[in-house]
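Think of it as A, B and C in the order they're written, each chain with its own count starting at 1.
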Amino acid sequence: MSEFVRDQWYVAAYGSEVGRELLARTILGEPIVLYRTGDGTAVALADRCVHRRFPLSESKLVDDTIVCGYHGFTYGTDGACVAVPGQKRIPRTARVPSYPVVEQDSFVWVWIGDAGKAATTPVPRAPWLADPGYATVCGMEPLNARASLLVDNLMDLSHETYLHGGYIGTPEVAETPITTEVDDEAGVVYVSRHMDDTECPPFYAESTGLAGRITRWQDIEFHPPCLYLLHSRVAPVGVLPNADGTDPDAFHVEVVYAITPSTENSTYDFWAVARDFAQDDAEVSDYLRESNRTVVLQDVDALNVLEKVIADEPAGYQELSINIDTGGLAARRILARMARAGDPTKVGS
Amino acid sequence: MSEFVRDQWYVAAYGSEVGRELLARTILGEPIVLYRTGDGTAVALADRCVHRRFPLSESKLVDDTIVCGYHGFTYGTDGACVAVPGQKRIPRTARVPSYPVVEQDSFVWVWIGDAGKAATTPVPRAPWLADPGYATVCGMEPLNARASLLVDNLMDLSHETYLHGGYIGTPEVAETPITTEVDDEAGVVYVSRHMDDTECPPFYAESTGLAGRITRWQDIEFHPPCLYLLHSRVAPVGVLPNADGTDPDAFHVEVVYAITPSTENSTYDFWAVARDFAQDDAEVSDYLRESNRTVVLQDVDALNVLEKVIADEPAGYQELSINIDTGGLAARRILARMARAGDPTKVGS
Amino acid sequence: MSEFVRDQWYVAAYGSEVGRELLARTILGEPIVLYRTGDGTAVALADRCVHRRFPLSESKLVDDTIVCGYHGFTYGTDGACVAVPGQKRIPRTARVPSYPVVEQDSFVWVWIGDAGKAATTPVPRAPWLADPGYATVCGMEPLNARASLLVDNLMDLSHETYLHGGYIGTPEVAETPITTEVDDEAGVVYVSRHMDDTECPPFYAESTGLAGRITRWQDIEFHPPCLYLLHSRVAPVGVLPNADGTDPDAFHVEVVYAITPSTENSTYDFWAVARDFAQDDAEVSDYLRESNRTVVLQDVDALNVLEKVIADEPAGYQELSINIDTGGLAARRILARMARAGDPTKVGS
């Protein structure tokens, strides 16, 4: 039984990935082909020809239409067939689903599920990624593991100490207790870890130039099912925001993850790091891109291992959860509720 | 539930592939070992030792017997054991099935199913392949897709335009309507596409020397379950056969496919191209061999993709068929009827 | 349904493989991590962190504890957690199973199943492997096949003639009848093949220097579920042991196999060859190591093929057994009895 949360916006790609080449992505198990029309509009269609199910993504873009690479069935941007081989009459049902698309904050978002609900559901925001006041580096790593393992991973940053030592982890991350808040109505989980006097890991030392010990705040906002924001603040020890909320002497990094389930056991792991300092320093950009990609790949390796572990383990395996897991467990609870709500057979269960 | 049509002749190999080396093939899911005796007779036995099921094809041919590579059980050409290790007495049941074999038209045909019906069932014919009046090039490509996808592919040549452009496809193939005839009693499907005035694709331009536009006829005969014949005729525009049926000014190519299901999801794709012109021209042979192999591999790539698509798709997927599919749908209908007829549990269903 | 015989000692590793690096092995389907403490004691723990099931074998050994590589849960040698991240209180249930371990005869034996029965069950013996009077070469090859195929293989050495010709096989092995004895009470199967006047295969000719024909005795003892001993005796033709049991003019090789099921379809194939001659001759050691490893890999290749054959074959496949299989069939019977005895749902069935 699929646990996908369907009636939601998901990141299918960066805007920069979608162009005049056909791009294949599988989102919540649905094969999708993405492209951009001549006037720049992003289009998302089901990636299977209605005739003999050939992938449209392995076909040809001619002007704004896709011509199937097997028998030439030709589709417009709305998914309707405009030509078929050997006859003039086009069957009324010759049409593939088209998906609602919104471009925002550098992402191409697609709506999977009941299209009627798309217009009334706001697209989640990660404004820093398209904000000229921030410099952003980003990437996407395919994960051969279920999305929930990535949610677990990101909700509990104590793993930075063990999995990401030498990059973003220091002993204090695992040692410092967290506070967790859950806004059940809005469906948002907040996890905070404020380290007052801590070692500065290379990721921040190299990018900010801070030399000594620091005050380091990690404030997570998770908007299930798919958008994870980590507001990261580092400053010299004891430097705090002003009473009016301004914070000129600190360095702010907005770490954004868009977690898009591809299949039951694979996930697109979109990651971005936006900073409000050294915006024009290409060396800092290069360093943060390489460094964060390394960190993401450390997670990918660990989660790919866990996916295999789960595949091999007997049914009924029990995990042990402790305080650090409070945010992750809240996220699971909200995700399960959303999955039930989107599945009429499960309502009230 | 297997959809194999069992009580039929299938091509297991070219005669030239069967010799004094043991050759393993899996036909309709049955592992078979093929070899040729000292006097040149082709033999087909079940490829599993009766003792501990070791593949006889990974064993040793000693004179006309196979000596199992694990414990030395030794089999004669009729499948009966003639020696076992450590004792003189050979158990009565020490015998592997042997399959009826016929060599004809360059192929080694084997009979899968009820051997009692083999003698009364004629072996399908493709006489050009062994006719000195024709020059033939041929090959076999393993396909990681079910046989029915290859039948679909070959019954609807409109795909030449899209999948084989630059080789055998031109726009006119997909544009020209077909005529389809089904001889339900004989179990043969005929599909014809006659292009009166069309571009000459490289495959024919290079091999015949024809420079301008041509008359191009494609006359398909499919003899389910496994033999596909494409009578291809090209000539300068307007050149037609004589009233008496002779046709000296046209070029004739007999394209033969033998479609042998290996497992539920894999197939041997035997292909041959026989021509009645430039019979002694090795350059033309080389060109047609390379060119047709390229075309077959384009099909193999596309069908391997489709097999994966089918494996991933939800149950109840609906295709959309149009006029070009008339022949393919007739072939499916006859194949389903043959499968039912060969399966007593399905008769009348 | 698993056919594993659980309440038994199995070889998990050679003692030389277990040290200050974490070693992962899967025994009877259970993932296990092995290491040695600072004082040299071998430890075997379940290889899954209780928190989020990360493999402890991909973690870090710190002094005598394992620190989980994901979130730092820290385990002592008894499997109990001694530290968790972000809090001082350690949950009472934070503990992984630890396995009884015995080091004996160069092997690290672990007890899978009901630990309460370990103390009263003797660890099987292969004393030659740690006997200074013998020189031993050994290795372990992973087998992608069920353990029972290796038992079958070793109980019927007639396969030496066909699979290991040029190494240990000669025609006489398959030709010479065996005698089989089964001690049902002790659960031991004995198979003997005494060749009075036989060709000397390279394995023995090269290592002993014997030039002519030999007397060759193969006396197998199989102690189900896992320990296989082949007492091999070679001597010049006609040289027999003395009446008092001494046998100074023969060469004795003790071939030991420890057969450890890893999963239902994979096995650790531990092999050792101990000799009472040329004990200090490194060249003989090198020769026997290479030669026996080659022989083991010939078996591995054949059994990996058989495992695939079994996976593809229809249910209800029937083998044919003859005299040479008497020992193997007895071994199967005892293994099935042991599996039933260890599974309360099967007792009396």
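One rule holds for everything that comes next: a residue touches a chain if its C-beta (ideal position, glycine included) is under 8 Å from a C-beta of that chain, and two chains touch if they have at least 3 such contacts.
Bear in mind the structure is a predicted one, so any value in this text is a computation, not a measurement.
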Report task. Examine which chains touch each other and state the graph shape they make (line, ring, star, complete, other). Result -> complete
Report summary line: Between chain A and chain C the C-alpha superposition rotation, given in steps of 5 degrees, amounts to 120
**Report entry** Interface numbering overlap (same over half, different under half) for chain B and chain C
**Finding:** different
Query - Chain centre separation (chain B, chain C; CA means) in Å - result: 48
Query raised in the report: Okay, in this complex, where on chain A does chain C touch?
Result: 152, 156, 158-159, 161-163, 174-178, 302, 305-306, 309-310, 312-313, 317, 319-325
Query raised in the report: In the complex of these two chains, what residues of chain A are touching chain B?
Result: 31, 48, 50-55, 58, 67-72, 84-87, 91, 93-94
